[in-house]
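Quick heads-up: structures coming right below.
The following pair of complexes shares a single chain, subunit A, combined with subunit B in the former and subunit C in the latter.
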Partner chain A sequence: MQTRARPNRLGIRGWVVGGRWGFERYLYTLHRLSGLGLLAYFVMHIFVTSTRAIGPESWDQAMSAVSGPLFAVGEYLVFAAFAFHAVNGIRLGAIELGFAVGRPIEPVYPYETSVGRQRRLARAVLMIAFVVAVWGGLDFFAWK
Partner chain B sequence: MTETTTRQVTFDVRRYEPGTDAEPHWESHRIDVLPGMTVLDGLWKVKELSAPSLAWRSSCRMGICGSCGMLINGRPRLACNTQIAELKSDVVAVAPLPNFSIIKDLVPDLRPMFETHRELMPYLIRDDVEEQDDPTREYWQTPHELEHYLQFSYCIKCGCCMAACPTVATDPQYAGPMPLGQAQRYDADSRDGGFAQRREALSGGRGPWRCHFAGECSQVCPKGVDPAKAIQLMKGEMVADLLRLRKRRAPAPLVEPPKGPRREEIPAAPERTVTEA
Partner chain C sequence: MRDRTLWTWHIGAGLVILVLLGLHMTIMHLSATLGFLGVADAEPTEWASVAARAGSLFFTLTYVLLLGAALYHGFYGFRNILMELDPGRTLRRVIDVGLSVVGLALFAFGTWAALAAPGAATMGG
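Entry: the complex of A and B
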């Protein structure tokens, strides 16, 4: 019998709309968004610096176009994204090698999961990213 | 004193009739709820009183069969395992599990999940096929070796983990938490020798490397199976294998049955129910 099933895959909503999900779900989404942001910056960076190959005038023109206060804030956001993405990437790398998730256990209610087990590591990651982002913010805006 | 008072709850149910409805739509039903009622009980009441054509899957009513996985108030759960009172809301929104096509109303099409599950060979892979078809002895396994996979063997294939996974939501190629967790269940079994075969089956975009530990599969699992843990352990094993650091072991050997008379408290094995053709 042929079933006319209606597709119901969530698509991008599946990771953008957190809904009633947990802490690590938001880290997952933030990691992806920060990764996409860094990729966008990288492409723009290549484009801007490539103007140097055309000549000094093109370079000066490109640099003046990206030197406003809006771009300063944008650059800081790239730095903050980098801070989070790098530190969280180390957490994910460690977890993907089997660290911090614990060994298989007998599931006894209330269940203890690997997610709860690595929660302290996830919190530490956020703290470190926050400290680095604040330090970078001071360097970007206050200490100049 | 046992509380017996009823209260009224609104059941918002996602309906979809193939061939008739262009899109799924919400339908509201007001029902009286008694203490102790589960969401599954509520659905039966809705069906009895106001929506006789409402369809869903359910069977055991005790969180064992894995049939009644649904999206209940935004979270994949078993309807039979979820008390209405624990939702702490006067509105119970019930929708079919996302990331699966809808056959009708609350009935998801789980076939793609089961096909992937089968492709990852969820059974013992050994050379002694005859022994497996017609067992004469037991395979040797210590209680410690059992612990390596016991947690993952509690999976009831309800599909809640697949509905919660953000990677499954965007990537149809990805095998998903249930099939991967079950592949690890057999990889971690000392009686199994199929690691290399499953590793081949997991190559490309369907394998564990698409998992980035959102952890939702483990959070929603009604049986505490922790598929996220299984997937991370699988990755660790794969890296160790690539670096030639993985302990290579032969599948557990057969052991001779103990000699002497059977102890009285141990019942005899039942008669065979399958006979040779």
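Entry: the complex of A and C
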């Protein structure tokens, strides 16, 4: 990251459009979007929850300001973003440490790529994040 | 500090967040799930619950740890996204210093809020 040998000529388009990089590239984009969303929420959350330092009246006021169905949906989106970001983060960490990429093999036709071997893990990540998000949705809205 | 060291801290902070934010999300939002597990509690955002958590040294310590880990992980991740836009040397410096100052200020503010809450548990008792 200290080098400027290959400048990012595509800019934001390079982040959003997966192109030939495919499925994992969209997970990368979604990881960044969910991360930025979580960071924005987190900064607001620090200010809202800091009202407890002033006392119960201030806390209750802050809580009533962030209550209602719109905020409930917003909180659920934060929960779902966390579910995806966390599970996908585990995948990224595992791949960085060399797990789930398979052993090196001879480049014999038909070629098998490491990206192809990682796909099962990528699919598993989406499924786990989906299950956690659905479970959370039921807890947020149906099981109250 | 070298980027490799900062990146390693980023991964480490992610693991801390995974555990502590998972715990936080479960306590704050998955009340029915906690009920299934037999550890149902009062409404977590009511003042009595907030004061009870603030009075617990475990919750205070883990809150400050989560605050630091999440701010570092979030702002370092944001910095990496900005660096991919290939800013010049001066802008790179502005981003590094700016995000560090904002992150440290938020950490100081959040820590103050945790320790200043009425009845907050501190190491001094």
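Everything that follows uses one rule, which is that the second predicted complex is superposed on the first by the 128 of 144 C-alpha atoms of A that agree within 3 Å, B and C clash if a C-alpha of one lies under 4 Å from a C-alpha of the other, contacts with A are read in each partner's own complex, and residues count from 1 in each chain.
Note that a residue touches a chain if its C-beta (ideal position, glycine included) is under 8 Å from a C-beta of that chain, and two chains touch if they have at least 3 such contacts.
Please read these numbers as outputs of a predicted model, since none were measured by experiment.
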First (subunit B), second (subunit C), both or neither touched by A:W143: second
Touching partner for A:L36 - first (subunit B), second (subunit C), both, neither: second
Touched partner set for A:F71, first subunit B, second subunit C, both or neither: neither
Subunit B versus subunit C as contact partner of A:G11, first or second or both or neither: both
Touching partner for A:G55 - first (subunit B), second (subunit C), both, neither: second
First (subunit B), second (subunit C), both or neither touched by A:P107: first
Overlap of the subunit B and subunit C footprints on subunit A, listed as residue numbers: 4, 7-8, 11, 15, 32, 96
Interface residues, subunit A side, partner subunit C - complex: 1-2, 4, 7-8, 11, 15, 32, 35-36, 38-39, 42-43, 46, 49-50, 52-53, 55-56, 59-60, 63, 75, 79, 82, 86, 89-90, 93, 96, 135-136, 138-140, 143-144
Sites on subunit B touched by subunit A in the complex: 16, 18-19, 24, 73-75, 96, 98-103, 108-109, 147-152, 154, 164-170, 172, 188, 212-216, 218-219, 221, 223-226, 228-230, 232-233, 235-237, 239
Interface residues, subunit A side, partner subunit B - complex: 3-15, 19-22, 24-25, 27-29, 31-32, 92, 95-98, 101-109, 111-115
Parts of subunit C lying in touch with subunit A, wherever the complex brings them together: 3, 11, 14, 17-18, 21-22, 25, 29-33, 45, 47, 50-51, 54, 67, 70-71, 74-75, 77-78, 80-81, 83-86, 106, 109-110, 112-114, 116-118
